[in-house]
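Multiple structures are listed underneath, in structure tokens.
First subunit A sits with subunit B, and in the next complex the same chain sits with subunit C.
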Partner chain A sequence: MSVLAYGVVAWLFLIGIYGVVTSRNLIHLVVCLSVAQSATDILLLEIGYRDGGHAPVFVSLPAHPGPAVDAVMQALALTDVVVGAAVTALLLALVVQVHKRAGTLDPDKLRSTRD
Partner chain B sequence: MDLFTSASAVIPASVAVPLVGAALMAGFSGLLPRWARDLIAIAVALATVVLTLILTAASAGRPMIYWFSGWRPAGGMVIGIDYAVGPLGAGMASLAGLLVCAALVYCWRYFDSARGRYHALVLIFLAASVDFCLTGDLFNLFVAFELVAVTAFGLTGYNAGHPAPLQGAINFAVTNSLGGMTVLMGVAFLYARTGSLNLAQIGQALAGRHADGLVVVAFALLAGGFLVKAAVVPFHFWLPDAYGSAPIPVCVLFAGVLSELGLFGLIRVWDTVFSGLAGGPGPRMRVVLLGLGILTALVGAVMALAQTQLKRMLAFVTVSHLGIYLIGVGLLTPLGLAGASLLVIGDALAKSALFLGVGVLQHQRASVSEPRLRGRGRGLAVTGVTIVLGALVLADLPPFVSSAGHALLVQAADQAGLPWLEIVIALTVTLSSGAVLRAAGRIWLGWGMAESPAPETGTADDAGDEAEDRPDTTDPAGTTDPAGAAGGGSTGPTGQAGPTGQAGPTGQAGPGLGPNGREPKRVPLTMLLPPLALLAIGLVLGLAPDVAAHAAAAAAAFSDRATYASDVLGTRGGILPASGTVVVPAAPAVSAGGLLTDLGQVLVALGVAGIALDRRARRLRQALAAGTGWLRRMHSGLVGDQVTWLVAGLALLAALGAAALR
Partner chain C sequence: MSRRARLILFAVAAVGLAATLGVGLAGLPSFGGQITAYARMLNEAAPRQRHVTDVVSAISFDYRGIDTLFEEFILLAAVTGISVLLRPLSDETRQLPEDKAPARTIPPPSPAVWLLAVFLGSLLALTGLETVTHGQLTPGGGFQGGVVLASAFYVVYLGTNYTTVERYQPNALLEASDGVGASGYVLIGLLGLLAGTAFLSNVVGLGDTGNLISGGTIPLLNLVVGLEVAGGFAILASEFLDQTAVIRTRRR
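Then we have the complex of A and B:
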């Protein structure tokens, strides 16, 4: 379980970055960025995970509830999801504007800031 | 004591005030007239400056620890979230507030139609910067990091009427989001190793231990993320794209505080968490950071000299200066940190003044292109003086505060046994300052070659210099027709085949006339005064007695990991037990030698500008341009290239970090 989760984290992060690097379409690029972002969420959850742990809800528990998974990491993941959503929304808004002004979504054709 | 107890209520207020102000701006701006929006926003920013200045004064001597909701550590175990306020962080926060004030005053007349959203974004940027500077919690640091970044992305592309700022914003957002992800992963790994998110407690858990693979990876991820924001080579490619195209008032915020926050985060995490690792990793890490700093300083200076678009030139000047700060920070001594802090303040004020001066040019002459503005500066004498003075301050003109910082930095390099660093600093400072002086000489004195974008300097096609953020400005010269505005953009993204050589006819239109030959409006005072006020503050700070000694004391307190940890973990009642008196090191004497060095730098910078403008030195310039062409080609402006460099840089950091920490 653990090794698999870390493998998924590494795979998602790398494939996301690969997508960003090679993208020829800005919307595709933004989605690739969210793929990389999701790797961080899985990493957080995996670090907070405990085998056999119950959800970190501490009301009306049985007498011997056993271990709980780490609530701190879940809170972090939640915050990260919010940050990711904000960044994605903002980037997509910028992409819409780029399409309006420049008429293309190909980053290679947008060379207005090259040196 | 009274000051101290009342000041602990000030700590949360310094973040809450700008946040509430931002919420009001976002929610009720439609009900308020324009002047009321501007006034309220400026008042909120000023209040934040006052609050953070109180904190700077009150926390000198001993740090102030504030636990939110009173969740203090129990038996040395941290359960809450704290602010650990020291004069260095609080001073950085007040610098951010000051620049926000300047940007808000300036945009009064710069943006015609600034709706409440602009004010709200700027105030959130301020609140997040203050949060970043004060927090003692690693995850809080990440949240502030992201909040600063997201508002900055939004501000870069604010009201963009041209693809360039949008592309700058996208490059900025993609690279810095990846930086944010690596910071978060680093946070997660440190939590996995130590079970804490509090900087002091993590530092205690790692103190005296040998760094294992997990700690090394966590360091590389954290440092990589912070260095992306700090625009250190090879993570810097986004910065010229963003700063070179963002609206001027936004550039002021960015050039002064944004990237400096990255360095602040790096040194904060290093001092509180990693510096206690067994085996004394300091000296080896110093080599890594100094190497990166020197590389950044040189690349920034060379690239600045190659630019003819003024905002992009200032962006590379910023990169170069960030390299110098990293040299100071990377010495990993309190004196180096103190020198870097004073340099950050002095240069931030000067760079902001320069950006604001360039904004006047853009506003009055509808261009930020050096060749097109040649000889057209007449009639803007105050701005000319501002820009020349700002450039000289960048070369550490005494008695401005950057000169004091430079003296401290040189002293720190000497103490570390690396006196040759002084030569690197002098070289990069004079080159980047000379670039700005060259532009001033060409624009105000009409010196240099007459031909439009000379092949030996800068971009052959800088389409969009003219048009960017035009829709927002008051457009004194009437509406320049879009084809003319995009003139020179033979490969403009919109495909307009505008006529090149727009510089010719407009250049002859007479110094006092706008591009269309109409009389431009007077420059509003709200655009002339802020840069002068910023320079004056730099002068006053430089003349203040013992500013160097105070900086050294603040840096010494900041760098002391063990005291920091015991202060945070041993707090009772929200107020510290007296942690002894901080030893104020003897004030580094202002030596005649230091003054001579600074004056020498100023003269050499003037000389660099002279050579750059001299007709006889054309051969030399061509040779230099040919020698640096490969470097310029690397700045392709393609987000894919930038992310590739980012990944390569991360791998490099991991390798160097492993060598340094283990």
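Then we have the complex of A and C:
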């Protein structure tokens, strides 16, 4: 079970980086970076998971007996999501300006349009 | 570098990366086993010490409150950066598109679209406020609720048009909300210093566990973060919208 759970993290990260390396469109590249970044979210949540655990929210406890999962990892995942959104938005703003200046979104063609 | 050379370089690097990742991940505790002693302690202590039921909020805004302060500043810096990047450049101007056929009347949005916008907009605003204010009780908080609130602004644009949105969501107000939210976090942190303890100490009355007013500074911090995130994400949308709606190359 551990192999599958942590394998997903490694696979997502590598496939995201592969997308970044082979991308032919800057918007696609930004999305690939988000895919690679989502691997870290999943890793954090998996480290904090506990078999049969419930969310670390202690409301109406009798209905949800059993252990709670790691709340620290969930707080860190929240930070990760917020930083990821900030980075994506900033990169997309850069892409808008690149398209205006260079007239293309293909990273390979950017070189030939340089003055 | 040609595509082929780049792919070969990536393949070599990826094998190395996969190997190190594998070794690193293999050293982690087995999936679904025990959680750390720190987490067990916080799960047990937070409801008692801070009178909250959502431990994630207690960690984000109290035990690790300084992390969230910097997280908020990262968001503020990103929004500022985007505003700078997407400003009208030296060869651009900011003006509404000319109407080439002024005699033609523009049909209003269909009643169905308008009704959906009113329905969705109010529902999103309500859900956003609920998520922001109940952060100490149920999953949610300032970041999540702020994004939901900002999406209520987007729905107003979908249901009306650019000029209406500009009139009812002035940029100055959104920027003020972003700044007040970010500085409010610092000010609430300073309350701790005023009370003679550490920065960001939870010095406000804790209230009863499970009530809306409980958790001391946690709901207050959630409110200012909600203000900042809602303002910030609304600015983001309006900056990107301006690029297509009003910012165009200056005619020579």
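Going forward, the second predicted complex is superposed on the first by the 107 of 115 C-alpha atoms of A that agree within 3 Å, B and C clash if a C-alpha of one lies under 4 Å from a C-alpha of the other, contacts with A are read in each partner's own complex, and residues count from 1 in each chain.
We adopt the following convention: contacts are C-beta pairs under 8 Å (C-beta built on N, C-alpha and C of every residue); 3 or more make two chains touch, one makes a residue touch a chain.
This structure is a prediction, so every number in the text was calculated from the model and none was measured.
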item	value
Touched partner set for A:V69, first subunit B, second subunit C, both or neither	second
Touched partner set for A:A5, first subunit B, second subunit C, both or neither	second
Touching partner for A:R50 - first (subunit B), second (subunit C), both, neither	second
Which superposed partner A:L78 touches (first subunit B, second subunit C, both, neither)	second
Subunit B versus subunit C as contact partner of A:A102, first or second or both or neither	first
Partner chain in contact with A:F58 - subunit B first, subunit C second, else both or neither	second
Subunit A positions touched by subunit B in one structure and by subunit C in the second	13, 17, 21-22, 43, 47, 72-73, 79, 83, 86-87, 90, 94, 97, 108
Subunit A residues within the subunit C interface of the complex	1-2, 5-6, 9-10, 13-14, 17-18, 21-22, 43, 46-51, 53, 55-59, 67-75, 78-79, 81-83, 86-87, 89-90, 92-94, 96-97, 108
Residue ranges of subunit A touching subunit B (in the complex, touch as defined)	13, 17, 20-23, 26, 29, 33, 36-37, 39-40, 43-44, 47, 72-73, 76, 79-80, 83, 86-87, 90-91, 94-95, 97-98, 101-104, 107-115
Residues of subunit C that touch subunit A when the two form their complex	3, 6-7, 10, 14, 17-18, 21-22, 25-26, 28-36, 38-39, 42-43, 46-47, 53-56, 58-60, 64, 67-68, 71, 74-75, 77-79, 81-82, 85-86, 137-139, 143, 210, 236, 239-240, 243
Subunit A-facing residues of subunit B, complex	139, 143, 146, 150, 153-154, 157, 160-164, 166-171, 173-174, 177-178, 180-181, 184-185, 187-189, 191-192, 197, 240-241, 244-245, 303, 306-307, 312, 459, 463-464, 491-495, 632-633, 635-640, 643-644, 647
